[in-house]
Amino acid sequence: MTRTDGREADQLRAISIERGWSTQAEGSALISFGDTRVLCTASFTNGVPRWLTGKGKGWVTAEYAMLPRATNSRMDRESVKGRIGGRTHEISRLIGRSLRAVVDTKALGENTIVIDCDVLQADGGTRTAAITGAYVALVDAIEWGREHKFIAQKATPLIDSVAAVSVGIIDGTPMLDLAYVEDVRAETDMNVVVTGRGLFVEVQGTAEGVPFDRAELDSLLDLALGGATQLSAVQRAALES
Amino acid sequence: MTRTDGREADQLRAISIERGWSTQAEGSALISFGDTRVLCTASFTNGVPRWLTGKGKGWVTAEYAMLPRATNSRMDRESVKGRIGGRTHEISRLIGRSLRAVVDTKALGENTIVIDCDVLQADGGTRTAAITGAYVALVDAIEWGREHKFIAQKATPLIDSVAAVSVGIIDGTPMLDLAYVEDVRAETDMNVVVTGRGLFVEVQGTAEGVPFDRAELDSLLDLALGGATQLSAVQRAALES
Amino acid sequence: MTRTDGREADQLRAISIERGWSTQAEGSALISFGDTRVLCTASFTNGVPRWLTGKGKGWVTAEYAMLPRATNSRMDRESVKGRIGGRTHEISRLIGRSLRAVVDTKALGENTIVIDCDVLQADGGTRTAAITGAYVALVDAIEWGREHKFIAQKATPLIDSVAAVSVGIIDGTPMLDLAYVEDVRAETDMNVVVTGRGLFVEVQGTAEGVPFDRAELDSLLDLALGGATQLSAVQRAALES
Amino acid sequence: MTRTDGREADQLRAISIERGWSTQAEGSALISFGDTRVLCTASFTNGVPRWLTGKGKGWVTAEYAMLPRATNSRMDRESVKGRIGGRTHEISRLIGRSLRAVVDTKALGENTIVIDCDVLQADGGTRTAAITGAYVALVDAIEWGREHKFIAQKATPLIDSVAAVSVGIIDGTPMLDLAYVEDVRAETDMNVVVTGRGLFVEVQGTAEGVPFDRAELDSLLDLALGGATQLSAVQRAALES
Amino acid sequence: MTRTDGREADQLRAISIERGWSTQAEGSALISFGDTRVLCTASFTNGVPRWLTGKGKGWVTAEYAMLPRATNSRMDRESVKGRIGGRTHEISRLIGRSLRAVVDTKALGENTIVIDCDVLQADGGTRTAAITGAYVALVDAIEWGREHKFIAQKATPLIDSVAAVSVGIIDGTPMLDLAYVEDVRAETDMNVVVTGRGLFVEVQGTAEGVPFDRAELDSLLDLALGGATQLSAVQRAALES
Amino acid sequence: MTRTDGREADQLRAISIERGWSTQAEGSALISFGDTRVLCTASFTNGVPRWLTGKGKGWVTAEYAMLPRATNSRMDRESVKGRIGGRTHEISRLIGRSLRAVVDTKALGENTIVIDCDVLQADGGTRTAAITGAYVALVDAIEWGREHKFIAQKATPLIDSVAAVSVGIIDGTPMLDLAYVEDVRAETDMNVVVTGRGLFVEVQGTAEGVPFDRAELDSLLDLALGGATQLSAVQRAALES
C-alpha cells in the first residue's frame, strides 16, 4: 500500500517554517506542509477587548481564511459574498482555542494577540498547518511584547507548545498528514491538536464514509501523537534559528 | 462527589421524546434532556438541490437555532444581527453529518429531507439532544416518503440509528450528559455521536481548561458509549409507540 | 353557510393559554388559537436603552418570528437569508405598539421588557394569538419585576389588558378568527386590537380582493369587539390560575 | 381651535401634482401635500416575474424611500446601513396593495409596473401623498403600455382610481391631513386609502396615545372620506391637463 | 462634425442651479446639466466624528446616490440589494475629496457638513454636476453655521470654489460635457475637477476604448479648463442671486 | 533632497517578479515593489458570464484585497465586516479596466480570466504593483488557454503590455514610485497606467493637500512614463525567463 506521493503511512510531508516572513507583524511564520502554504501573522496590541477590561488577563484569538485561488478551482471571496462560511468560522475558533490552551492569560497581562492564518495555497491539512505555524508567530509576538515592556520580564505566558496534524483511514489503512487527494478519499478524518508534552487539546474525528470502531480510533490517536512529536521538533528548530 | 441534581456520574437526565408534535411537518419530535427542550421537524421534498440532480441520490441536511430566550439571559436573534454565528454554523453542520452517516442516499432516491432543530429551552447538551431527536423526526419523514411513493417500497434508506451525548471531566471526575451548570465548570468537554450498533460517527473533545491525557480520553469514551446505548433504547421506544 | 371546521361565523377557535411554559423567562405563555401555537416569553431587564436613559420611563418592545416549518411548506430562515422580511418587521412593530398602549411607562420605571413571540405552528391568526399571549407573559414579567424590587410596590404599570383577533369577509359573510384556509379566501381581512375595556388600539383592515364599504366595515368591527371580549376572559382565567 | 398653519380641521393642505416630471419614466408625478414632496415614477416592462409567468396576469408593485435629508435632521441612508427598515417595508407594501386594489391584472396582461415613490421632502403624510401621486404615474404608464401595444386596445386595466389621506385626533379634535408637527402630537393616527367610488382599500388606525372608542373611529372615517373625494378631483384635473 | 444636440465640441449643455430648493437642509441646490438633475443638500451639525474630536478641525464628507428610475431603464435600489456598489462608493469619495480641497478645516472649526447628492434624473455627467452643485450647497451651509455662531465671524473656511466637468474623445474629436449618448461612444473619458483659480483637484482619465497619447491628454485638459471657468461663473451667479 | 531610502527622485524601488509562484493557478506572479508584495493569480475558465454569452467575446476581471496584517497596524477583514470598502472596490475596478485595455476580447474567445491580487505586505504602491504583476499572470493564463485549445492557435488576445506606477509631489519635488512614508506626505498623488508602447490607459491624479497646476501635472506625467518604461522591461525579463 503506497501513498500517491510515495510516503509511508506514518510519514509527514516535507514541513518547513519560514519564521519572520512579514516585516510588519510582531510575529510571523510562513509554514508549508508539502504544497499547503499558510501565512501566519501575530498582531500584538496593548489592552484587551471591553468585556475583559480590568480582569488582569490577556486575550488570544485567531482568524483563518483562504485566498480565492488557493485551491484547484477558484472560490468566491467571503468578503464579496458578504458573509463568512461555516467552515471558516469553525476553523478560526479551533485555532483560537488551541492557542489559548497553552497560554496563561494572567501572565500575558492585559494584552491582545490576534493571529491571522491566511492560506496562500491549499493541498489538505490547512487547519493543522495553521495551528502549527500560528504557535511560532505567537511565540515571537510574546517576545516582542516582553521587549517592549508590555509583558513582565519574569512572566511565562506560554505554558507549553502546541501543534496539530490530521490523520485518516483510507482503504482501511490509518495514515498520517493527509494531502488533498487522500483527504477526499478518507473514510474517517481526524484532526488532533497536541501539546509539546503530548497532551490532547482537541480531538475531532468524523466518519466521512462508514462509522469507525474503538480500535480504529485508537490507532489514529497513536499516529497523531507520533506526528505531533515531529512537528514540535520542527517548531523548536525554527524558534532556535 | 454528588452532582447538582443528585445524579450519578454515569446517569443521564430524564429523557423524553414527544413524537409527532407538529401537525405540519412530515416528521417531528419534541425532545427533552432534563430542562433542555428541542423541537425537531423533518421536511420532506421530492427532488434534490441542483448540484445533486441526476445522480440518483438523495440529500439530508440540518439547521440548528435557538430561540432568543431559550437561555437564562436573552440573546439577540441571528436574523436581527443579519448573520449566523460560528457556533450555530458548527452545530448545524454537525447534526447534518451525523444524520447522513446513517442514511443510504441511494436508497433515499432523489428526495431531500431538511431537519430543523430549534432549541425552545436550553440547559446544556442542546446539540446532543438535537441529534437524538432529529433521528426520530427523520425516521418518520422517510416513512412519509415511502407512503407517498417517493421512496421505493423495498428501499432501506436507514442503515443504522444515531444518537449523541455529552461527557466531560469536572474536578477530575468524568461525567455523563452535562447540564449547563456542569458544562461551564468542565475542564474537558466532549460530544460523541454513536450509532445504534455502537460505532462512532463523531468524537469532538475539547480541553476547555487543562489538556487531557490518553487515559482520561478513554474513560470519557466509555461513559459516552454507555449513555448512547440508553438513548438508542429511548428512541426505539418512541418509534414503537 | 358553514365553516370548514364547523364553527359559527362569530365563534372563536379553541383557545388555550399555558402560562409559565418557560423555566428561563420572567414571564411566558404558550398560546393556541386552534392549531396556531405561539410561544411568548417576556424578558425583564433593569435599565433602559441609551436613548431613554434618565427620563424615568421604562420600555416595552416585541419581536415576532416563525420557525421555518411552522407552516405547511418549509420557509427559509431569516437568519440564513441575512435579513428580516417586511412582514416580520410589520408584525413585530404591531405587537410592540399594542402592548405599549396598555403600559404606563412611568409606573414601569427604568426597566425594559422584551417580548419574544415565536410561532411554533401556524394556522392563521399568528399575530393576533401573539398579542393575546404576549399580554399574559407581560403581566408575569411585571410581577417578577415587582417581587425583585425593580418596580415600586404601589406602582400600576398596567392600565388595561389587551387582546387581538382577526375578522374577515368570506363569500360576503363576515367571520371571526380566520383559520389559514379561510384567510387565503377572504375578500377583506382585518386585525383588531382591543383593550379589556373595549377600546381600540389598532384597526388594520385590508381589501385583499374587492374594496369594502362602510356597512361591511361596521359589521367587522362588531364581530371583532365580541371576539376580543371572549379573549379577555380567557386571559383573566389564565392569570387567575 | 386653530391649526398651526391656519387650516380648518377638515381642510387639506395645498395639493399639487406635476405630471410627467421625469423624461425617463413611462409615467411620473411630483406630488406636493404642503411641504411634503414625493417623486413618483412608474416603470413599465413587458413580462412578469418568474413566479407569475404564463398565468396571463400582470404585476404592480411599489417601493418607497426617503432621501437622507428629506427630514429636519439627516437620517442615515438605508443603502449605507445595508438593510431596509421596518417602516420603509411597511409603507412600500401598503402602496403596492393600494394600487393593486384598483388594477385588473388580467386586463393588464403579462406586464409589470414598478412604482418608485421617493420622498424628496417630508412634512407628514408622505405615505398618503405617495399613494395619491403613484396613481397618476400608474395611469400614464398604462397608457404608455397601450400605445406601445403591450396592452390590448380594448382592455381596461384600471377599474377605479385610488387616493389616500391621513386623519388624526389632536387634543380631542379629529383633523384631516396632518402636517408633521400635528402628527407627533396626535393621540390617534389613521391612514385611509379610498377609491374614487368611495370604497375602502385600507384602514389603518393606531392609538399613539390613548385608545379610541367607536364614536371617534366613526368621525375619523367621515373626515377621511371627505378628504379622499377632494384628492380624487385633483387627480382627475392633473390627468385631464 | 455635429453633436446629437447640436452643440459645439467646446460647448456646455444648458446649466441651471436652483439654490435653496430644500426647506429642510442648511444648504441646498437642484442643479441641471441639460437633462441631468441632481439634488444637493448640505447638512450642518455642530461637532465632529469621534476620530477627529479635540483636534480643532471640521469635517466635510459626501454621499452620492441615484434614484432607481433616474436612468433610462430602472435599476435595483442599493438599499434593497443590501450593499452599495463600487461606482457609488467611488463617486461619493470623489465628491468628498473635491470639496475638502477647497475647505480650510481649521477655519471650519469642530463642525461637520454632510453633502448628499441624489441624482433625480441622469443623462451623463452626474458626478460632475454633483460636485458643481454640492459646492453651492456647501457655501450656504457654511453661512448658516456662521449665522448660528458655530463658525467664527472672521473665519474663512472656503479658500477657493470648485466645479467639475467631463471631457472625452469621440470619433477622434475631443468634446466637452458629454451627454449619456456621447459618453457610451467615447474612446476616452475624463472627469476633471478644477478650482475657481484654475488649479486641478482631480484628473481622472480612462481609456474606455483605445489608449490615448500625450497630445490627446493635453487637448482634453484644455477643454476641461475652459468648461470649468464657465461653471464657476454660473456658481457665482447663483450665489449672488 | 534625498529620499528616506536613499533613492533618486526618478528611481524605482527594487522590483522583482516571481513568476509561477502558485502551483494551482493557470497564471501567477508574486511581485515586489520594495517591501510591497502582491500575489497575483489568474484563473482561466472556459465560458463567459451569462450577460456575455453568445457574443463571441471573452471577459477579464480582477479582484484586489489586502491581508489584515499587510499593513503596519492590523485592519479588520472585509469578510468579517460583511462588506467591501470603497477603496477595495475602486482598486479592483481599476485593475480590471487596465488589463482589459490591452486585451482583444474577440481574440480571447468565450473564455473568462479572473485575476486576484492579494496584498501580502503593503508599503505604498499596492495598486500599481498589482497591475504590473497581474499582467504577467494574465500572459501565462492566456498561454495556458492556448495550450489547452480554448484559444485559437493563431489568435493574439494581447495587443500590448501594461504596467502602472505612482508618482507624487513631496515638498514641491515630483517623485517616482512612492513608498508608504512618502505617500502620506505627498501633496499630490497620481497613479498612471501605461502600455508597453507608451500610451495612457488611466491617469488618476488627486490633490491630497494643495491643488496642482498644469506644469506640475506635466512633470508628474514625464516621471510616470519613464518609470513605466522600466517596469515594462522587468515584465519582459520575467516572461522570457
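Should a chain be cited, it is by its letter among A, B, C, D, E and F, assigned in written order, with residues numbered from 1 in that chain.
One rule holds in what follows: contacts are C-beta pairs under 8 Å (C-beta built on N, C-alpha and C of every residue); 3 or more make two chains touch, one makes a residue touch a chain.
Everything quoted here is computed from the prediction, not taken from an experiment.
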{"item": "Shortest chain-hopping distance from chain D out to chain F", "value": "2"}
{"item": "Reference chain C; chain at largest CA-centroid distance", "value": "F"}
{"item": "Copies chain D and chain E - rotation angle from C-alpha fit, nearest 5 degrees", "value": "180"}
{"item": "Chain A and chain D: spacing of chain centres that average the CA atoms, whole Å", "value": "59"}
{"item": "Mean-CA-position distance for chain D and chain B (Å)", "value": "51"}
{"item": "Distance between the centres, which are taken as Cα means, of chain D and chain C, whole angstrom", "value": "28"}
{"item": "Residues within chain E bordering two or more other chains", "value": "82-84"}
{"item": "Arrangement of touching chains [line / ring / star / complete / other]", "value": "ring"}
{"item": "Chain ring listed from chain B, with chain C in second place", "value": "B, C, D, E, F, A"}
{"item": "Sites on chain D touched by chain C in the complex", "value": "83-86, 89-90, 92-93, 97, 101, 160, 190, 195, 197-207, 210-214, 217, 221"}
{"item": "Chain D-touching residues of chain E, taken from the complex the two chains share", "value": "22-25, 28, 35, 39, 41, 43, 45, 63, 65, 67-74, 77-80, 82-84, 88, 114, 116, 118, 120-122"}
